[in-house]
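The data blocks that follow each hold one structure.
Next come two complexes built around chain A: one with chain B, the other with chain C.
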Partner chain A sequence: MRLSTLPLLLLMGLFFVIPLIMTALLSFQGTQYYRLVWTWDLKVWTDVFSQVHYWTIMWRTLVMALICTLLCTVLAIPIAYGMLHRLSRWSDHITLLMVFAFLTDAVLKTFGWVLFLDRSGVLNGTLEAIGFPAASVNVLFTPNATMIGMVYNLLPYTIFTVALSMARIDGDLVLAARDAGASRLRAFVEVTLPLAKPGIWAGAVLVFVLSLGVFLEPKVMGGGTSPLAAELIRQSFETRVNWPLGAALTLVLIVIGAAALTVFGAVALWQARRVAND
Partner chain B sequence: MVSPIIKASGIEKYYGTYRALSDISLEVANGEFLALVGPSGCGKTSLLKILAGFEDLSAGSLVIDGKDMAGIPASARPTRMVFQKLALFPHKTVAQNIGFPLHLAKRPKSEIDTAVRRMLELMHLKESYLNRFPHELSGGEQQRVALARSMVSQPPVLLLDEPMSALDAKLKKSLQAELKHLHRHVGTSFVHVTHDLEEAMMLADRICVMRAGRIVQLGAPSEIYYRPADAFVAGFIGDTNLLPAKVTRVGEGFRFSCEILDCTEPLLSADQVAPGVAAGGDAALMIRPEMLRLLPQGENAECTIVGTVNEYFIRGASIQYRIAAAGTEIVMDIPGTSTLPAKQGDAVRLGLALGDLFAVGA
Partner chain C sequence: MTDLMEKRIADVVLYGSVIAALIFFYIPIATLVLFSFTKSRFLSWPIPEFSTRWYGELLADRDFWSSLGNSALLAVLATLFATLLGIGGAFAWTRYKFRFQWGFRILTFAPLLFPQLLLGVVMLLWFSVLAGWLNLSPGLWSAVIGHVIYITPFCIVIISVQMQGYDNTLDYAAEDAGATRWQILREITLPLIWPGIFSAAVFAFLLSWGNFYITYSLSGSTRTLPTFVFSGIAVGSSPIYPALATLTFMPALVLIFAVDRLRKRAARRRLSKIADS
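Up next is the complex of A and B:
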């Protein structure tokens, strides 16, 4: 082993492995009068597995994360392509605007959406002004609003990764496809899309992992009516001061995320093999 | 000429205000091998891209295979391109790469398979390569796959954009020979862009020399080599000697005087003078290095040059001498011999036939 790997090992150990082990150990303890008790039993775990409520939230979190990932990926592909090829003259300006929006604090952006989507907010006011009935868009404080917020906040991750991998494609390859008789769309499907796959997968994985942990959007835009896993975990730690429960739920979320990523990876691998054998 | 496969008339191309091509008119006969030659930035690649449909023309007209190409996209043109960097699809196998144009044309799988195997044989590629990816092949093999892909649908015109510029000299030679053989075999018209006039002479039926967006000369290789239109074309290949001279028209021919060259009768016939040479005034006499020979003691020639050997290079099949004569360096190539006929510092006399001289505008 080289000495140069030491900082990385130290970093991974200190900030990833040890906290994970501590979380796992914590889940085998109990609480009494809001105080941690070192009991070393499975009480918390039996609790977790017997409460349907927790699993409803976990399932909702997984479904929301998958939908968000799908939406972000599907939206990012045409946006990245358009930015690079159709609006290439404005590409720098668009990137600047996106980075600006991306770096703006998520709390501000999310509250901005509330002002925009509110029953008497900017959107409804505008619609009313051009003749629609009052408060015709009534999406705020529903899971749909949560999804809008999630997609808005996470979309830049997919746009940037997809655009990056598309920009690296040799332009001659697309010309070669056109020369061989492919329409623009066909060249995109046959050349651009498969070659951008690494970026598409990377963006999807990034967004999936991040969307499993969203916390702000369901609370602020979803109105807290259908909380997701992160909110559940926060409540366990903060409101109920039940650290062992919070730790156990954290581990459940990590396992779900890891399992989903394993499936992702298997699909990606299977796809790559299928292309090779086709 | 039978009806040409390509007919370009008065093509102009502007990039903004920069004029990349001016008044390009040329015809390519069916089955002809035409080379577009010129230094980088001369417009040869722009012209090729216009033929392929990757670039629009700013003015003029282009007819390929009897159809006006205005508004016809690259995908619908009867041309196929072989790219400089080959542009093989890295995510597709060799078989998928070669069969791609047919796959796009929605041909049945069995037909594609047969065509791909036929191309494989024509290009001397092993059948085991079919399921490999381009990056698993050598440079020369990738070259052949690229050629196979562009030929598989039997296009009337093949456009080649310096596809051999990245190869090493030996591989280049063997592929050049194969390309010429391929051209004879398939009967497709080739338009080949290169900056290497030697390559163009080896391969092409006709050569189009370009410079600064214009056609300087269009003709057979021997014409380009022995009767260049001007000093630029003359100097484009090898180490050409261009000797300053004064010419005056005498009847049909030209009388000339040149400080370095001593001729018994300094007269050029009308076909030894490029069209651009004025009836009287400055010109340059072109002498190809291989036209000169060393004169043994006591022997004479129609024209002679006296000088001293500056340097020599033994190149195996030939020996190149660089000789100082009246302040000018003369380059001479003579057939290689095991005994060196002259060494550095030796005083030498070079001989030349009067008929080998050719005058271009100075």
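Up next is the complex of A and C:
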């Protein structure tokens, strides 16, 4: 152990590990008259597991997260490939433009989407001007709008990870496949995609885990009509002041995310070993 | 299918998806910029008349100025701490060898893999306990700590990437020539990894500046720009927010292009040095 790792270890220990342990402990307590009581029982957990309401929201969160992961991953592949192999001269500028959009305040961007998709927003106004009926796109304040927002905010993660792993691929391998008579598509599917797999999976897992905790998009773009788990957690802390419940729900999400990461890590390790053994 | 046809289709799909992605990313941003110049109180399309009226209203809003001040203070403090810790972390990641290094890497990377709201909530629980013991309430201080926890992993990664190509023999040479460790750090290591540190700092600043989830959970009653906007649009859309967005886009754009310039110049200088030798 080096001395220079100490400040970081101290910080992560004090404000990341201890809070996690605290959350776990808190989920075994109770509340009475909006105050925390140290009871040490499983009441909150039996509540969490027995109430259908929580499970519908958890299930919805999981489904939304999976759809969002699939969309972000599938969309990122042609975008990353195109950036590297068609617009390579501009790829620096394109990356900068994407980084700027990515780093801009998410609340403002989400609000921008509301103004764009609104019944009297830019999209509907423009469509009306070219002859469509008034308010023909009615997507705002539906789960579809939430999905647009989630993909919007998380797509950069997959684009960057996929592009990073595609940039490392030796171009000669693709050329060799082409020389051997493979069509462009076949060379892409059988050479480029397998080699880019680590980046594709890493991006997918990252997006899946991050999409478990979205709360801005369902609230602002989804109109709060079909809340996701993060909204449930926020409510149990703020509106209902039931900290043990909030802690337990937070843990459920953390466990789902950690399970996804562990499976990914194990598979990645196994693959790396297999490559090393070959 | 002929090869030419296949190439055509591939071109259309690839060019098309990159261009579509850029349009997609800039839809809300362009929408906000457009609406910031409306004269009307209602944000509906087409814009009936243009004016800079809402910029005036925004600049006269006292809450805007106090949130701007809080955002700036928070971002500066978070950047400072996250960058310094990021430098230390990157050294531990790439240049040292020690037991439990993998554990250290996982621990220092983990906050990046956390949904931000959960990170905020988990820390809020702890801060509330701490605040009870120490008799203070969550505010800017807890938001700073939260931002540092969240942003430091990004800084470590960015600086580590810069250190990947670092030539260790330079340090040994300097050591042989009698330089102290502090001199090596100051005169050789830091100047060489400087572009990485600078981009990490800019990234940290912008991540903190635009952060909503962690600030929302941890800042108590202190408002920053994102939480100020959130509380405003939750009540009903006010026409000052597009103007606010447009004004706050500018510094970010300048910063990002400055980083790019610096990075390219550093790369060119390195190339020309290799050519000279």
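The rule is simple: the second predicted complex is superposed on the first by the 240 of 278 C-alpha atoms of A that agree within 3 Å, B and C clash if a C-alpha of one lies under 4 Å from a C-alpha of the other, contacts with A are read in each partner's own complex, and residues count from 1 in each chain.
Just so it is clear, a residue touches a chain if its C-beta (ideal position, glycine included) is under 8 Å from a C-beta of that chain, and two chains touch if they have at least 3 such contacts.
Remember, it's a predicted structure, so these values are computed and weren't measured experimentally.
After superposition on chain A, the partners chain B and chain C are seen to fit next to each other with no clash. Set side by side, chain B and chain C differ in how many residues of chain A they touch, and the one touching more is C. Once the two complexes are overlaid on the shared chain, A:Leu245 sits clear of chain B and of chain C alike.
Applying the stated contact rule after C-alpha superposition, one finds that A:Val191 touches chain B and leaves chain C untouched. When the two structures are aligned on the shared chain, A:Phe15 is found in touch with chain C, with no touch to chain B. In the superposition on chain A, A:Ile200 contacts neither chain B nor chain C. Of the two partner chains, both chain B and chain C are touched by A:Ser183.
Of the two partner chains placed around the shared chain by superposition, chain B is the only one that A:Asp170 touches, whereas chain C remains out of contact. Judged by the touch definition given at the top, the superposed model places A:Met98 against chain C, while chain B stays out of reach. Across the superposed structures, the minimum distance from chain B to chain C, using CA atoms, reads 7 Å. In the superposition on chain A, the residues of chain A contacted by chain B and by chain C overlap at 183.
Against chain B, the residues of chain A that register as touching in their complex are 170, 172-173, 175-183, 186, 190-191, 194-195, 275-276, 278.
Listed in rising order, the residues of chain B touching chain A in the complex are 52-54, 73-76, 79-81, 83-85, 87-91, 93, 96, 100-101, 104-105, 133, 149-150, 153.
Here chain C touches chain A in the complex through residues 1, 3, 6-7, 10-11, 13-15, 17-18, 21-22, 24-29, 31-32, 34-35, 42-46, 85, 88-89, 91-92, 96, 98-100, 104, 107-108, 110-111, 113-118, 121-126, 129, 145-146, 148-149, 152, 203, 206-207, 209-210, 212-213, 225-227, 229-230, 233-234, 237, 241-242, 244-245, 248-249, 252-253, 256-257, 260, going by the rule given at the top. Interface residues of chain A, counted against chain C in their complex, comprise 1-2, 4-5, 7-9, 11-12, 15-20, 22-23, 26, 75, 78-79, 81-83, 85-87, 92, 94, 96-116, 118, 120-122, 124-126, 129, 152, 155-156, 159, 183-185, 206, 209-216, 219-220, 230, 233-234, 237, 243, 246-247, 250, 253-254, 257, 261.
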